[in-house]
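Chain IDs A, B and C follow the sequence of writing; residue 1 opens each chain.
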Amino acid sequence: MSRVILESLPAFWVVTLITAGMNAIITMGLYFSNSAGALSAAHAAIAGMGAYLGAVLTTNFDCPFPLALLAGAAVGFLTGMLLALLTLRMNELVAGLTTLAFGETMVIIAFNIDYIGGANGFIGIPLETTFGIVYLVLAIVVFAAWRFDRSRLGYAARAGRDNAAAAAAMGINITWVKILVFALGSAIAGVGGVLRAHYVLVQNPDDMGFFFSVNYLIFWVFGGSYTFWGPLFGAMFLTILPELLRFSVYDRFIIYGLILTAIVILRPQGVITRVPLGRRPAFFRLFGPSVGALHGGGRED
Amino acid sequence: MSVLLQVSGLEVTYGPVRAVHRLDLEVHTGEIRAILGANGAGKSSTIKAIMGLVKPRGGKVVFEGQETHRLPPHKVNRLGIAWVPEGRQIFSTLTVYENLLMGAFGERHGQEVQERLEELMQLFPILKQRREQLGGSLSGGEQQMLAVGRALMSRPRLLLMDEPSLGLAPKVVQFLFDLVRQIRDRGISILMAEQNARQALRVSDYAYLLEVGQIRGGGSAREMEASEEVRRVYLGG
Amino acid sequence: MEQFFQQLVNGLMLGSTYAVVALGFGLVFSVMRVVNLAHPEIFMVGAYVAFMVITGLNVNTQGLAVIGGVGLFLLVLLAGMAVTGMLGLLVERLVVRPTRGTYLLIPFIATAGVSIFLQNGAQRIFGPDPVRIPSIIPAHTFNLGGVRVTSMQVTTLLTALAIMIALRYYVRHTRWGRATRAVAEKPDVAAACGVNINLVSQLTVSIASLMAGAAGVTLGLLYTSAAPFMGLLFGLKSFVCMLVAGNRHIEAIMAVGLILGIVEALVTGYVSSNLRDAVAFGLLLVVLFFRPHGLFGSYEI
C-alpha cells in the first residue's frame, strides 16, 4: 500500500513526509514529557543522545536496527528520568532553563568526544529508516498518546499540571507521575533521534542544540498543546510549510517566520484545541504566571 | 448633594464565573458609602470595574457625568478616582518617597507635586520619618498609610478603598477609620468595600449589602445598624 | 602575568557588550514578562546598519583624523540606534503587546518567528556570508604597561559604559524610569496611579532595542564584520547572563556580563578555545544547581 503512495509522489515530497514524520515523533515525545507541566527545551539533545548511541551501535558494532531503536529509547528514558529528578523542585521557568542548559552542555560535550566524531559529527551511518518504518513508529506513538490521554496516568499528569496541590490532595503521587511521564516522552524522542540519524546518515553535535529544541517546542505550542492532535499537526504542518513555500531558499523562511508569528498571535491557544471529529473540546486555560489584568493583552487607549 | 458616581447594571464575569450581576450603586458628593459582604461576594470585582482594571461584561459606570467603564485605568485615574487596593499593594522595591511620587504620576508640575507631598507628610508624620526607606520594609499599618497617602497624592474626588482593615491590628484599624472620616471632611468622597461591617458602618453614611455578586439591600448606616438581619448576619448578633 | 592582564582587558571589552545586550533582555523580561527572542536579531540589524551607512557614505576611512573618525562613529551609532529603536517599536506594537500576559511561551514563539524573519531577511538582502565593515576609528594601539588595547576596543568599552550609566540614571532618577519599575512590580497598581501601561511597554522595548542596536554597531566595528546569524550565539550567552544575574538589580546584569567576558577570555587563553562557549552554560548550570528556586526574586530593575 505504502509502495503505491510512494511511487506516485515525487522523491522530494517523500523526503519531506519522512522528515515531517520524524519531527512528529519527537514532538509527540515532547507532548508526553510536558503533559505534567514540565517545559522541556532539551528534547533535541535527548533525541541526539539516542541518535549517537544508536548510530554507534549499528555502525561500529553491526547491531540490528531494532536493537538500536531500543537503545535509543533506553537512553532517552534514563536521560529523561535524570532531568525530571533534577528539575523536580524548580518552578516552570527555571526548570525549562535547566533543560536548555542541559541541552547546550550536551552539544559541547559531543563536540569534544572524538570517538563520535567531535566537531565533524558521526558519519557513515547506514540507511535504515524508511517511510514505512517512520510512519509505523508514528502510528504506534499516536496510538500510545491516545491511550495515554484516557488513562489514569494521563489524567493524573494533567491534574498535576493544572493544580499540583489539588492533585496531591486527591492521592496522586505527583512526583512519580512527573518523572514517569517525562521519561516516557524522552524515550520516544530517543527513538525519533535514532530514526533521524539513520535517515540523514550524519549526526552532528549542533543537532542537539537549543535551536532544534525550540523548534519542537514551537511545533508543540503552535499545534495546540492540549491534545496530542496538536503537536502532531504542528510538527507536520510546520515541516511541510517551508517546502510549500519553495520560491527561494531565503524567501520561504522569511514568510515562514511571518506565518509563525501571525498564527501564534492570532491563536495563542494553538491551532487545534478541539479533538478533531469529536465533541469534547480540549479545555483551554491561560496558564502561566498570572500577573494581573494589566500584563494581559493590550488595552487600547 | 449631587451624584458623583453612578453604577448601573454592572456585570463582571471571569470566564464562566459570574462575579457581579445587575449591580446598581451610587455615591453622592461628600459621602462615605460602604459595600459590605463576605469574602468572594464580589466587592473587589466591583471596585476594580469602577477603576477600569476589569472590563465589565455589561452595565455602565458614570463618574461626574462621564462614562468611564470603557476607559483604561490610567485615564480613570486622571479623571479623579484613586484606588487603595486590597492588601496594601505598595511598591515594595520603591522608597516611600517614590511610592508617593507614583501616586501623583499624572501631575507633571514638580512644584504642585512637592506641595502635595508636604501636605501628606503632615497628615502622616511617620511617612516623613521613613521617607527614604523601601516600601517593603514598612509594617502592615505603615504600608496601609502609605497606600492611602499614595492614592491621595493625585487629589482624587473619589477614593476607592478595597478592604482597608484587612490584616491590620484593631488599634490601627481604629486609626484608619478615623482617617477615613478626616479624608471625607476634606471634600473627598469615599466608596469602600469592607468585611468589617461594624467599623465600616460606624464611619459611613450609607451602605450596600453584597451577596454572591448581587446587591441584597442598602440603606443609611443608621438603618443598617438597626436592622435585625444586618445585626445577625454581619454584626454577629 | 602580562598575558593575564591582556586577556582580562580583552574579556572586559567583550563582556561589556554582553552586558548591554543582556540588560536589554532583562529590561523587557522584568517589565513585560516577555522573553523577546528577536532581541539578538535586533543586535544583528545594528551591525548591518553600520555596514550600510559606512559603505553607503563611501568615506575614505584611511585618511580620517581622530575627530573625523569619532564623529563618523557617533553618526553610525545614532543611525543604528534609530533604526533598531524603530524596529523595537514595531515589534512591540505588533508582537509583544498582543501577546504579553499570556502563557510565557506565546510571546517567546511569536518573537522567534520575528527572529527567523529577520535572520533570513538579512541573508536575502546581504547574502549568507559575513560582510566586511571598514573600520572608521583611526587604528591606534595603546600600550598600557605591556597590555595592548586598540582604539576600537576602547570605543566599544566607552560606548557600553555610557549606555549602562544612562540606563541606570533613567531607571533610578527619572519619572518614567520610576514608572517602569512600578510596572515591573505591580502593573495594576501602576496603571491606577495614572501610568499608561502601553506607553511604558513601548518605551521599554524601544530602549532595549536601542541598546541592542548600539551593541551591534560597536561589535560589528570591533570585528569588522556583520553576518546574518551573528545574533544567535551572542544572544544566547547574553540571555544566560540575564538568567544568572536575576532580576533584582540592574547592576547585577552588568556585572555578570563583564565577568562572563573576562572568564571566557581567560579560558580561551589558558585552557582551550573550544571550551569558550561552554563557560556560559557551565555557569548557568552551576547557578541553577545552587539556587533552584529561581533567580528571579522580587522584580527590581
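The definition used in the following text is that a contact is a pair of C-beta atoms (placed from the backbone, for glycine too) under 8 Å apart; a residue touches a chain by one contact, two chains touch by 3 or more.
Everything numeric in this text was worked out from a predicted model, so none of it was measured.
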Chain whose average C-alpha position is farthest from chain B's own: A
Most centrally placed chain, judged by C-alpha centres: C
Mean-CA-position distance for chain C and chain B (Å): 43
Cα-centroid distance, chain A relative to chain B, in whole angstrom: 50
Separation of mean Cα positions, chain C and chain A [Å, integer]: 31
Chain A: positions in contact with at least two other chains: 292-294, 299-301
Where chain B touches two or more other chains, by residue: 53, 72-73
Two or more partner chains touched - positions in chain C: 186, 188, 190-191, 196-197
Footprint of chain B on chain C - complex, ascending: 175, 178-179, 181-182, 185-186, 188-197, 298-300
Touch list for chain C against partner chain A, complex: 32-33, 94-95, 97-106, 109-121, 123-124, 183, 186-188, 190-191, 196-198, 201, 232, 236, 240, 243, 274-275, 277-278, 281-282, 284-285, 288, 292-296
Interfacial residue positions of chain B with respect to chain C in the complex: 51-53, 72-74, 76-78, 82-83, 85, 89, 91-94, 98, 101-103, 105-106, 136, 150, 154
In the complex with chain C, residue positions of chain A that touch it: 39, 87, 89-94, 97-98, 101-102, 104-105, 108, 111-112, 210-211, 214, 217-218, 221-222, 248, 250-251, 253-254, 256-262, 264-265, 268, 286-289, 291-301
